[in-house]
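Letters A, B and C name the chains as they come in the text, with residue numbers starting at 1 for each one.
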Amino acid sequence: MNIKTQALSGGFQEPVFHSQGVFRMLMDGMARPGTVHTIAMDIGQPEPLGQAAGAIALTLCDHDTPTWLSAGLLKSPAAEWIGFHTGAPITREKAESRFAFVEAGVAPSSFGLFAAGTQEYPDRSTTLVIEIGALGQGQALTLKGPGIQQTTTVKLKGLPEVFPRLWADNRALFPRGVDVILTAGKSLLCLPRTTQIAVQ
Amino acid sequence: MTELATYNFAYLDEQTKRMIRRAILKAIAIPGYQVPFASREMPMPYGWGTGGVQVTASIIGPEDVLKVIDQGADDTTNAVSIRAFFQKVANVAVTTHTKDATIIQTRHRIPEQQLEKGQVLVYQVPIPEPLRFLEPRETETRKMHALEEYGLMHVKLYEDIARHGRISTTYAYPVKVAGRYVMDPSPTPKFDNPKMHMSEALQLFGAGREKRIYAVPPYTDVVSLDFEDYPFEIQKFEQPCALCGAQGVYLDEVVLDDKGGRMFVCSDTDHCEDRREHGHAGEMLAPAKEAAE
Amino acid sequence: MYVAVKGGEAAINNAHRLLADRRRGDRSLPSVTIEQIVEQLGLAVDRVMAEASLYDRTLAALAVRQSRGDLIEAIFLLRAYRTTLPRFGTSVPVDTAGMTVERRVSATYKDLPGGQLLGPTFDYTHRLLDPSLLSDEPIEEPARKSASGEHVMRVSDILAHEGLIEADGEFPEDNEAGDLTREPLEFPMGRDLRLQALARGDEGFLLALGYSTQRGYGRNHPFVGEVRIGEVEVELEVAELGFAISLGRIRVTECQMVNQFKGSSKAPPQFTRGYGLVFGQSERKAMSMSLVDRALRAEELGEDVTAPAQDEEFVISHSDNVQATGFVEHLKLPHYVDFQAELALVRKMRADIEKTRRDGNHNPDQEAAE
């Protein structure tokens, strides 16, 4: 498939019901940080965009959500795929992005340049969708905070080493801050800004 | 003649649903904070649940089972009307049984039966700002939330005590969520406040006219504001439900005649019916045969 | 023994059936047609279009008929329909200087290019009930004259010539006008959003506020520069074509209020403006809107904000009649759960007081708290 047709193919087969289904996973995921959800439907997203990450874009992005892409995604057909299927303007300014997608193996140096919202409007912040190696295996982390009864343990493979430190910085900004969705292929897991992370 | 458009699943167009869904996710991420959203004009009046309806319409899917209550009852006219709306525009399954519902939209009550994991409680909210009656300006109250400056609220509650010997707020009793935001629980009686604390269900709040959405995730601290020497306390009823005999539930007062005759019955109709089906009876319960007529 | 009342659904259905019956009224009379409403109750149709923000005479007339002539209900019906319509784009700003004018009056100049044109106005009709309208007597054709072709110059342009009036103001090149039906409200607002809110605001509310400024609550020395009513072209820029195409013509009413202004630390002495533009023919609304628009510019022009009409958050938060009627009328919904809580509290407080009285002395706890 050439780049053009790759960008134009795929998407949700039943946009109304599939986006509702994916949204409910995200809503449950944000309400219960650390729970792993799996996107079953094939959406034909181009590499290196993962299936879950692509489904999140289809569900939440549109004309009103400037979207930032990491370098690898930006120069891949994924950029055009997101643009075509969602209508989201691709921005190079992290600070004006409502969503940011990061491909696997790239460690963000900081969350600082993304929108953290303001003290009056902390909701005006970026949601980062970060692809990692796998959910359910790898390094064990303990999560704590709203949505979690006492504590929960998650296992993450390929999480950038710097992540726990960046997350602690992000926590310190509360109520401002970014929210993160970790994806690995078909799976996703949410980390709202309220979640505290401890490395086991 | 102009042709009228047909409506999307659950009435709202997809762009609107996405906008509301994004607001809901941010609301969950910042418990108790009121997210502004571009509330739409709904085919029902403002003040009658347009916020709750927009939230429900944005989350509901074909697999859901919906329950709608007003004043705790499934058969009050506004609850009937909203339930019929979703049956019409989303062809969704409905129930009156709290435990069978995946989404419960409510006005003024939290069901007596403890909610479970996976259930979503959607509140209809008239005035989302807990500080509004102390400070009418949005520009001011927004600053107070930003600075976590809630002294005004404590002053109000304390003045109550000074004047009346107790806190005289009986419903829409302010709470602090996850130790940060002071939140209006909507005009539920303060009797229901403890049910919000560490609930297993996700709680979403929609205020259509005021264009705000907020949320309390499951397992989240929800603390009613009080003072050490005047601790928060809920209403207590002196008698059990006259129909099912339940104690420790919220009761409606029903006037029986013009001579001061009255009785108290469960405000949560499903809870009351369920108890009666299980053989519980209050002193005013009609024999089964008579009641069926 | 007690059996709870049920049957909300049947009650609702029966109520709606009765409503439909009352709407139709006496069946021996012919039903009023949509065309009749459009043609003969045109100003009601205009008000519904204006406050619903949807220009469609047929649908507005349908709403008037469906609402039994309750115009706020009709506005509500049309708005709830409007909200489901897809957006194709934003039109080019309408050029009211190019209006095909049917009425145009200026209070500031005796004569001016384009002339004074009374048009179809109630002004100078003696308000005597007309018995001839009890029956359907023939009405003579209006007098006509051929268009002079003279440019109906705007009064603001005449004053601008001398530099005596503030300019229109500029938006940046890529500015997109806001839309409060698609964005959450935030204060302070831009003037674009404020004018949108006023254009769809309740005529009666704006009339009262405008009136209050004349009586000294935020006085701003207004003169009607001009009021004009007529048709304007609505055009849409099509990116693929590179030029604007016409979508059709709409009737609008525009009011330019010219306000004397002595100057402040923020602006030099000059005439300032209040602006009103509404769908259809509604001079009262356009004039009220321009008075309130000017009042709401107090802060921008360095004036003291002292009166209700100058208070943006107050005015805009309460100008929408669909919101207002919904919230006022929601009080008739059941509130018995909350009322029960209040009942219990009042009973308890009264019992406390009686006990105190019986005991014949003060409650020491209460005294300590005071």
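Just so we're on the same page, a contact is a pair of C-beta atoms (placed from the backbone, for glycine too) under 8 Å apart; a residue touches a chain by one contact, two chains touch by 3 or more.
Please read all numbers here as calculations on a predicted model, not as lab measurements.
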Per-chain Cα centre nearest the global Cα centre, belonging to chain | B
Could you tell me which pair, B-C or A-B, is linked by more C-beta pairs in contact?
-> B-C
Using CA atom averages as chain centres, what separation in Å is found between chain A and chain C?
-> 43
Averaging C-alpha coordinates per chain, one finds the centres of chain B and chain C separated by a number of Å equal to 33
Using the touch rule from the top of the page, what residues of chain B touch 2 or more other chains?
-> 8, 36
Touch list for chain B against partner chain C, complex = 1-2, 4-5, 7-8, 11, 13, 36-43, 45-48, 50, 70-72, 75-81, 84, 107-109, 126, 137-139, 161-162, 164-165, 168, 170-172, 187-191, 209, 211, 235, 242-243, 250-254, 256, 263, 265, 267, 269, 284-287, 290-291, 293
Footprint of chain A on chain B - complex, ascending | 8-9, 14-15, 17-19, 21-31, 33, 35-36, 58-62, 118, 142-143, 145-147, 178, 180-181, 198, 202, 215, 217-221
Provide the residue numbers of chain C that touch chain B in the complex, in ascending order.
-> 1-4, 6-9, 11-12, 34, 56, 58-59, 76, 79-86, 181-188, 313, 317, 322-323, 325-330, 333-338, 340-345, 349, 352, 363, 365-366, 369-370
So in the complex, which bits of chain A are touching chain B?
-> 15-17, 19-21, 23-24, 26-28, 30-32, 59-65, 98, 118-123, 125, 127, 146-149, 174-175, 179, 192-194
